[in-house]
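Naming follows writing order (A, B, C and D), and every chain is counted from residue 1.
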Amino acid sequence: MTASLDEFLVCVIARLLDDPAVRHVAVGAASPIPGCAALLVREITSSRVRVSIIHGNANNPFTDGGCELFDCAGQGRIDAFFLGGAQIDGGANLNLVGTGAYPNIDKRFPGSFGSTFMYFMVPKMILFRLEHTRRVFVPRVDFVSAPGTSAPDVYRPGGPKVLLTELCLMSFDATTRRFRLETVHPGHSLEEVRDNTGFDFEVPKRVPETPAAEPDRLDILRTKIAGEIAKTYPAFASRVFDTSEA
Amino acid sequence: MTVLEPLKTLTQRVADGVLLAVPPEYSFVPMTLIRALIQRPVKDLHVLAVPIGGMAIDMLVGAGCVKTLEAAAVSLGEAGPAPRFTAACEEGTIAMRDSTCPAVHTALQAVEKGVPFMPLGGIIGSDVLANRDDWREVDDPLEAGNGPIVLIPAIRPDVAVFHSPVADREGNVWIGRRRELASMAHAASETVVTVERITDDDLMADEATAAGVLPAFYISAIAEVPEGCKPLGLIDHYRADRDAIRAYAEAAATEDGFRSYMQHALGGGAGLAAE
Amino acid sequence: MTVLEPLKTLTQRVADGVLLAVPPEYSFVPMTLIRALIQRPVKDLHVLAVPIGGMAIDMLVGAGCVKTLEAAAVSLGEAGPAPRFTAACEEGTIAMRDSTCPAVHTALQAVEKGVPFMPLGGIIGSDVLANRDDWREVDDPLEAGNGPIVLIPAIRPDVAVFHSPVADREGNVWIGRRRELASMAHAASETVVTVERITDDDLMADEATAAGVLPAFYISAIAEVPEGCKPLGLIDHYRADRDAIRAYAEAAATEDGFRSYMQHALGGGAGLAAE
Amino acid sequence: MTASLDEFLVCVIARLLDDPAVRHVAVGAASPIPGCAALLVREITSSRVRVSIIHGNANNPFTDGGCELFDCAGQGRIDAFFLGGAQIDGGANLNLVGTGAYPNIDKRFPGSFGSTFMYFMVPKMILFRLEHTRRVFVPRVDFVSAPGTSAPDVYRPGGPKVLLTELCLMSFDATTRRFRLETVHPGHSLEEVRDNTGFDFEVPKRVPETPAAEPDRLDILRTKIAGEIAKTYPAFASRVFDTSEA
């Protein structure tokens, strides 16, 4: 069994979530790969890990309206969540709004969604951005939708822990305010990561390769999770798992 | 009393220049009503997306009906960016007030509770805050060592709109677990609703389903508009027509494409504000 | 994961000395659980009535289980004043923190939203405010001419308890339109529930009833306790036994009357804390 | 048809509520007479006036939990509401908590309920206290559950408008901060009101008698309203209207 890049990334995220401190993973809008990873971890932990997918009805346990996800995060009931960004800088600041001198936008993106709040509240915040280029990973974001770190007097139980891209996995240290390269995906190199990253980051002496997708997990993903994620992301499931659309 | 009336008169309840609250893409979006407003065309709207927008807001923006827009985001979901919103922001033809999802909910809940503001965590140090002259970061007003916090002023929409599967003749409207529609209606001065159907049953009669009902006294007027969310979906009734949404996304990629799409969608009639 | 367990072990989840949130008299009061706590007896409780109390709180107070009580009011409704509460206030045997209904809701909603306080209208100039050293009247922190306002600090209960008609095996619990139970559970660190019955159905499966369900991830443990509200009522299941409530009111008019009533109610066993 | 005192008072309150400015009357805990009056006005206005009775399920339109009544009042959606008080003074201050030097209470009452908020928010606040004695109507309440008036900078769209007792109907003027005797009930006198009121109040030159219960309304009350109010207040309905209890 060879894993596709999508499947490989699902398995990387699943390892990040398969952690005793994670009891409840929430997955926001337009996040099929994190959604698959969360459902996979729920499956392999025999539902010790709860999964809440915000959009649609499948795996959406919320009954208190659109504010409940944010309320839950504010209550400390969400242990892991995912954010991306049109731009991300070396201080883990996120830009989901646009490039240029706001409000005179050059290129507009959809907007900050709940990032401006969630980034502060969820302990294990996983940054997930497939495209690893200097267009995305910039020295300084043009607009801060959500800051990577805060002053000590700001209430902030959460924040960025890791960054996963098509090339590598990095960790983020809120004390040094820097990313650290953890592993490079098979077929890619440190040089490739450096060439495509617009900010400086810490590089350990030895950089391991990101482990491959575990065959047993890949099997579960294709057999059990594919249909489940199709309920929320039919187009994605059709493309990646060749599920027939309902 | 809640009024049951035709769509035509219902549409008149959204006057030009009002602050209009619109539900998020995945929930109860009154697309037929939105198209009727564009047909009129409604003008100078201040739109509040609760808290994010999609096709409805993209169409209103593209048709030139929107003066200011407050939203945490606008996108077509799996169909990609909202093209007319994106163009309007880049060309500066609307005044965009960027927010974040819980801040929109908080602003409505302040009205719901009858207070002028509510505090909200996070936000500090963001450019969202830096660009909002109405939001205010203050030192812990309890002086209890809680640190700084942001106060979000109340937003009272003039009119809230949504589409529901069913209302009864008293004017009680089913919302199920989409409780942001309740907050929106509680906060708004007027709430105008389209529904798939009017039932002769009393939606409040059964305790098992009453929890999902928005009581009639929040509702100004209701029109029966079957398939009123299409091409978007309505839970338990019809799924979103993904091909139609993609077709919109492609057509609306250009101004001309949008205009011909809308002329077709509005039945070939007139009514694009920019004309 | 939500645990299904017997009442006996469920009761142990309410430790001595905790801040315990109890629902109002007319709604989902877990009387069997309350009697089991008195039987133990639970000690040194800090009780929060959400927002008013009745027989359950009167019994806890009479049995000497309560150290402090925060409530907007305590009464037996049509059966008159709550006799043990009244006596305890007049004799000074509990520390009473007088509140007002919306302030209790506001304090829970602050925890619900993860903020240290929320503003609330009214209250200014009252002796309720004058006697609350935790509440704070401040000048409009927006500096927008809104005048002074009271800030209510968050209250996070250690344990919330209530009785519901039904829960499913996942731990989802039906609350219907008694949404203060949702706020209470959202705010509490642990929520412990008794139910008339456990169903094999999935309460979240049907969109028509899901709106009345409190999701399992807020619930720590559930015990099946038929008739768990009696002698109070449970909506759609049984009405309050007004004769029994009046009999309690009469018996509890004196300390001795209360003690013999409770010994009978607890099956002649021991367990009144003051013994 | 002779009206009982309960029925007479219901009709007095009904006249206060039969007013174009009143679109929504809410009735709180343990208020059967106001409840009857509200239901009567709903009946005679063909449901132009909405009635919400908070306790129980009958005529309780709320679906958002215990906070909804207060939220509604804060939104300005409740036009009339009722409050009583163990003590009421000449400044319309209410005491629902107790007599003596709080917290060293001599006689404890249930508590302030929502009065501390509602008294500020509802435009037509009707004070209803059957017992008209100097024990109730005191020079100065021992504890202010809710103040009768507020400083001009306090947000207060509502407040006391009238006071109805077993003896009379008074109005309250927030500017002068005084009650004014409006009518005295049949069989009672100005002197009796004076003798039993512990505070000073304005007395016009001529004090009319409170009009008797309208026969047609009394008939509706006994035929249509009795059963309706029994759903919420069975003991009251049984005593006043001799309804058989369900």
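As a convention for this text, a residue touches a chain if its C-beta (ideal position, glycine included) is under 8 Å from a C-beta of that chain, and two chains touch if they have at least 3 such contacts.
Since this is a predicted model, take the numbers as computed values, not measurements.
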Farthest chain (mean CA position) relative to chain C: A
Between chain D and chain C, distance of the C-alpha-averaged centres to the nearest whole Å: 28
Chain centre separation (chain A, chain C; CA means) in Å: 40
Mean-CA-position distance for chain D and chain A (Å): 58
Numbers and ranges of chain C residues touching at least 2 other chains: 113-116, 120-121, 146, 149, 177, 179, 182, 207, 210-212, 235
Where chain D touches two or more other chains, by residue: 57, 62-64, 70, 74, 121, 155
Overall pattern in which the protein chains touch one another (line/ring/star/complete/other): other
Complete list of chain pairs which touch one another: A-B, A-C, B-C, B-D, C-D
Complex contact set, residues of chain C against chain A: 1, 111-116, 172, 182, 186-187, 204, 207, 210-218
Touch list for chain D against partner chain B, complex: 24, 47-48, 50, 52, 57, 61-64, 70-77, 121, 155
Residues of chain A that touch chain B when the two form their complex: 29-30, 55-57, 62-68, 70, 74, 96-98, 102-121, 143-147, 150-151, 153-156, 233-236
Complex interface listing, chain B residues touching chain A: 24, 26-27, 50-52, 71-75, 77-78, 81-82, 85-86, 89-90, 92, 96, 98-103, 105, 109, 120-131, 146-149, 177-183, 235, 242
Chain B residues within the chain C interface of the complex: 106, 113-121, 136, 138, 140-144, 146, 149, 151, 153, 175-177, 179, 207-212, 235-236
